[in-house]
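Each of the next two complexes has chain A plus one more chain, namely chain B in the first and chain C in the second.
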Partner chain A sequence: MEQQFNNDQLTEHELESTPATGFRVIWREFKKDKIAMGSLIIVAFIILGSIIWAPFIDKEALMKISLLDEFAKPGENGFILGADQGGSDILGQLIIGARNSIVIAIAITVITGILGVAVGIICGYYGGIIDNFFMRLIDFIITLPSTMIIIVFVTIIPKYDVWSFILIMSAFMWVSTARLVRSKALSESRRDYVSASKTMGTSDFAIMFKGIMPNLSSLLIVELTLNFAGNVGIETGLTFLGFGLPDTTPSLGTLVSFANNQTVIAEKWWVWLPASLLILVLMLGINYIGQALRRSADAKQRLG
Partner chain B sequence: MTLSKPLLEINHLFTSFRIKDTYYDAIHDVNLTLNENEVLAIVGESGCGKSTLATSIVGLHPPGNTTVIGEILYKGENLVNYSEDKLNKIRGNDIGFIFQDPLSALNPLMRIGDQIEEGLVFHTKMTDQERKARALELLDQVGIVNPERVARQFPHQLSGGMRQRVMIAIAIACKPRIMIADEPTTALDVTIQAQILDLLIELQQETNAGIMLITHDLGVVAEVATRVAVMYAGQVIEVAPVEELFRNPKHPYTRSLLNSIPQTERDHDRLQVIQGMVPTLTKMPKSGCRFAPRIPWVSENAHEVEPQMHEISPGHLVRCTCWQTFNFEEQETKEGVVQ
Partner chain C sequence: MWKTVVRRFLIMIPQLFVLSMLIFILAKFMPGDPFTGLITPQTDPARLEELRQQAGFYDPWYVQYWHWVTNMFRGDFGDSYTFKVSVASLIGDRGLNTLWLSLVSVILTYLIAIPLGVIAGRYQNTLRDKTIVLYSFVSYAIPTFVLALIFLYIFGYQLQWFPTSGTVSVGEDPGTWGYFWSKVYHLILPAITYAFLATTSIIQYLRSEIIDAQTQDFVKTARSKGIPMNKVYTRHIFRNSLLPIAAFLGFSITGILGGSVFIETIFGFPGMGQLFIQSIMGRDYSVITALVMLYGFLALLGSLLSDIILSIVDPRIRIE
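And then the complex of A and B:
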């Protein structure tokens, strides 16, 4: 009888207010933080815009050299943002370049995420020899001079395209995620609920990925978002150095590298400035979003 | 004495932990039998190995730095040698385990219903619908008023008592023959304690299961247990039916333990305490009676060199022979001298 009463009270209380959980906390955080909200809108706009617009641009026509249009100013000859040395449309290159950078960043983030989380949880859960083996492997990979090895790979692989680029990058970038996840999984695996699952006869696989992984989700969301911000710049950086995608592929890195030429950097600002700004805005924006996520994952830092 | 079938037999069990390259026995030569339809209480102070005994049975001890030697016989098979896979078939299905702190033993990000179904997924061939129905039935069985709503909730939305009820629902999901309850009521307040204990006993009587109840609360023991095993420093030092133990305790440790319960009718200025501390694992005496250092006024000749269990009346076993010469009066005069 008394319990019935308590129960009714509980229901009423619940209708009045429940603590915000999961995505509601994140949403509240974004509403409080104007910069993060602005970043979210701009980044979403750039990502969706470039991915939707890019397929409509004819790549062959875009990259065709026409000397008449060499360094056409913005607005001249129908080029909204002008043209580069080869007379190719800057706007078209910008969009395809942004699309490539973003798709590469997403692919690398997903691959390194899956690999890093799987290895991290397995190491943290089993510990012992398995943990030792993977941690020493990771230590080894971290000590390798990755940029130089990537450049070597790029030059020796015969049929070099976007996918081989993604795989080469991923081979080096999963280690930091794995380390981070492992440290959290290690403490999470020693909790009672894991033992409780074991006493029910649940298999190790189910405990790791159904039991422990959701409890790492706040860490994972933040880590993957910030990784994504870093990965957007990877393709651009390597292309700038001349070791990125093949020359025929339009890329933000190629546009920025036009600034190597003194006359271009001084007088033809429209060639390199938009691409630089785009990279800046994208990376800053994603970082601001990541920070808002990080705050919502930690109750002490929350604004909302 | 009723003749009941033994469910679980523990013979000469040694569980040792590695500390700096040496193994130390946390469980030393434990022999116990858990019978059908009984509540075997295991009592003892902190660090005496009660929980280690429980985790050894279900194989939850940390791998790598623990060794378990001896026999834990269930249906004639030794669980100690079982692989994880074989253990998984028994854990949850035949042996249910109830944890001390229900908040940490429930996955914070899993709905209650899913957690109850977890055991059913691996041990039964029920369909999704049947499992859902069974989960609700279990919640109802452990006395939760609104099962449909609770099944959809997360652990942090429940009160301590409700969480412990959920833990019990999880443990009994597959109708285990053996339930191991590791201090199931320690994290709860007194009124809820009584409810939870009643519930446990009620469920036990329905299924004729054997319960191994680990506790340090002698009040709980007196209320629910049928037999009691007293542990000290990794050894079982006295086993007896509950009434016999409370009325006629033999081992000096058991007697001191019972004597240290605060009682209102007795006219004492101070609370009775047992001198000294349980020796830590690394400082455990290698041989002889492990309780000897705490009753220094009993002469050394009274202890056995290799203390064994002696049956002094049917079902009543005591380790060592020092109980024959031990008495409290001596202790009190000794204390008088010290003060």
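And then the complex of A and C:
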């Protein structure tokens, strides 16, 4: 009922002024939905905060082992969030971990986004053999037990570093974006403006990336936001198991993985719980933002 | 109908071939060979070479591949060198545990998801619906390992309602009721965790199906015949919306297998997911290849099952 009412309001509003476009629509949606606005502020705070704060943390001092501070409780010995087994500050690890997890998830999202969009648009636009080939490939990769194969890759790659992890993850994560973009590009390529461009002799490349792609932009923003959340989840999960980021690059998953120790999970909640909750808040926040973006991309669902 | 099923089966053959090729290549890249584990200071290098010769280690790759595939069809996956038993029997033991866990998880998932989905769809935009939508949003967004850890911490360690690891308490004799109950008791927490995560798609699908069905002609007809709304829901809408849900069963299998790596590791549940992590840690490559192959095969089988159920349930899909 509420949605109905808002739609009525919207039409009334639109009669008076020209409809808002682009980012103004998104902004209006966020202004209308308080939870989405809250999520946006929290997520922006976590992302910017960790990226800005992390370089100021002295990594050497952080990793120094001091047995006196072993499992210091929050507030003890000047540790705001307590310390872990080696007496390292949890807060510092949390911020560096969050920064690493976020930056790596962004890198994976960008790589899979570019690959997925390119393959998706090309398949949707050309169709035929190219489309058939890629769709079979994508169907196949989607059914693969990707978690296990990523873990196998991680263990057999010599000289394993952050970049190898990003590439391995990307190799499995581009498929869903490609599939989504392809289905939209397919219907988009049959529109009149594409046929008009073709008759005017515009090159295929220009039609695909200057004609079709901008028309998919709202969909892409939503997809990339949700992918970003998914990538944070998968990266921290794999690191938690011990097959994600190398030890030299601590992530939120590293902190959570302390919970693999029975005494830690049962009695030293401050070691692993903050990182778990931070992951949880990030995931809920980004997903909620994604939903608000999805609503603003679809005029029928808009609240604002 | 049969045409669709047969065609779907035929698609699976090249997929299986590519999967086995991929795993074979991965296995080739893994350091060491099946005899690395046998090496002791007393091992004679010449004898080791001989063993390698015999096992066809120096054969061309296609011969090796052929051996590997044919052995697999006979159920021979080689031996595990950390557990010192054949891979097949090892996976058989662990697989049974995972099978039980999956079974309980799937039953729980459907038991939770179907009522919630129906209520959310029927009472759309009420408080009940909004609560259920919120629940499904949270369960969609939360990563498996975070939820599993939080559940383990709250229900296992803090409240101590459930055991925190294993499949059965020590001291129970197999075959007794106590043994059976202890097994079920150990399954509940991991299964609830899994079900919590898996309900999302079923709830959302069922909800939107029911909302869509409300405005369809067959519902109007039923209403105009004077059937009370309650009956329209249980007899007409529910049946129509429930059928496609059956098709989710295949995907559920795939989902459980993927999640089992995390859930079994966290709950210390000796199933295939935990075995996988243990073999990776112990570099037990014959077990790893067998497990990845098995998981891949089961995932393909799951999607095959889903497609077949869907084509039985929904005749429109058969016409392509």
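Definition applied: the second predicted complex is superposed on the first by the 287 of 304 C-alpha atoms of A that agree within 3 Å, B and C clash if a C-alpha of one lies under 4 Å from a C-alpha of the other, contacts with A are read in each partner's own complex, and residues count from 1 in each chain.
Please note the rule applied: a contact is a pair of C-beta atoms (placed from the backbone, for glycine too) under 8 Å apart; a residue touches a chain by one contact, two chains touch by 3 or more.
Note that the coordinates shown come from a computational prediction; the quantities given were computed from them, not determined experimentally.
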| item | value |
| --- | --- |
| Superposed partners chain B and chain C on chain A - clash or fit | fit |
| First, second, both or neither for A:Val256, with chain B first and chain C second | second |
| Partner chain in contact with A:Ile41 - chain B first, chain C second, else both or neither | neither |
| Chain B versus chain C as contact partner of A:Phe140, first or second or both or neither | second |
| Touching partner for A:Gly233 - first (chain B), second (chain C), both, neither | second |
| First (chain B), second (chain C), both or neither touched by A:Ile114 | neither |
| Chain B or chain C, by number of chain A residues touched | C |
| First, second, both or neither for A:Leu303, with chain B first and chain C second | neither |
| Closest approach of chain C to chain B (Cα atoms, Å) | 13 |
| Contact residues of chain A, present in both the chain B and the chain C interface | 3 |
| Touching residues (chain side chain A, partner chain B) in the complex | 3-4, 7, 11, 127-128, 191-193, 195-204, 210-211, 214-215, 217 |
| Parts of chain B lying in touch with chain A, wherever the complex brings them together | 58, 60, 63-64, 84, 87-93, 95-97, 99, 101, 104-110, 118-119, 121-123, 143, 145-146, 149, 167, 170-171, 173 |
| Chain C to chain A touching residues, read off their complex | 15, 18-19, 22, 26, 29-31, 125, 137-138, 140-146, 149-150, 152-153, 157, 164, 254, 257-258, 261-262, 265, 276-277, 280-281, 283, 288, 291-292, 295-296, 299-300, 302-303 |
| Of chain A, residues touching chain C in the complex | 1-3, 140, 143-149, 151-153, 155-156, 229, 233-234, 236-237, 240-243, 256, 259-260, 262, 265-266, 269, 272-273, 276, 279-280, 283-284, 286-288, 291 |
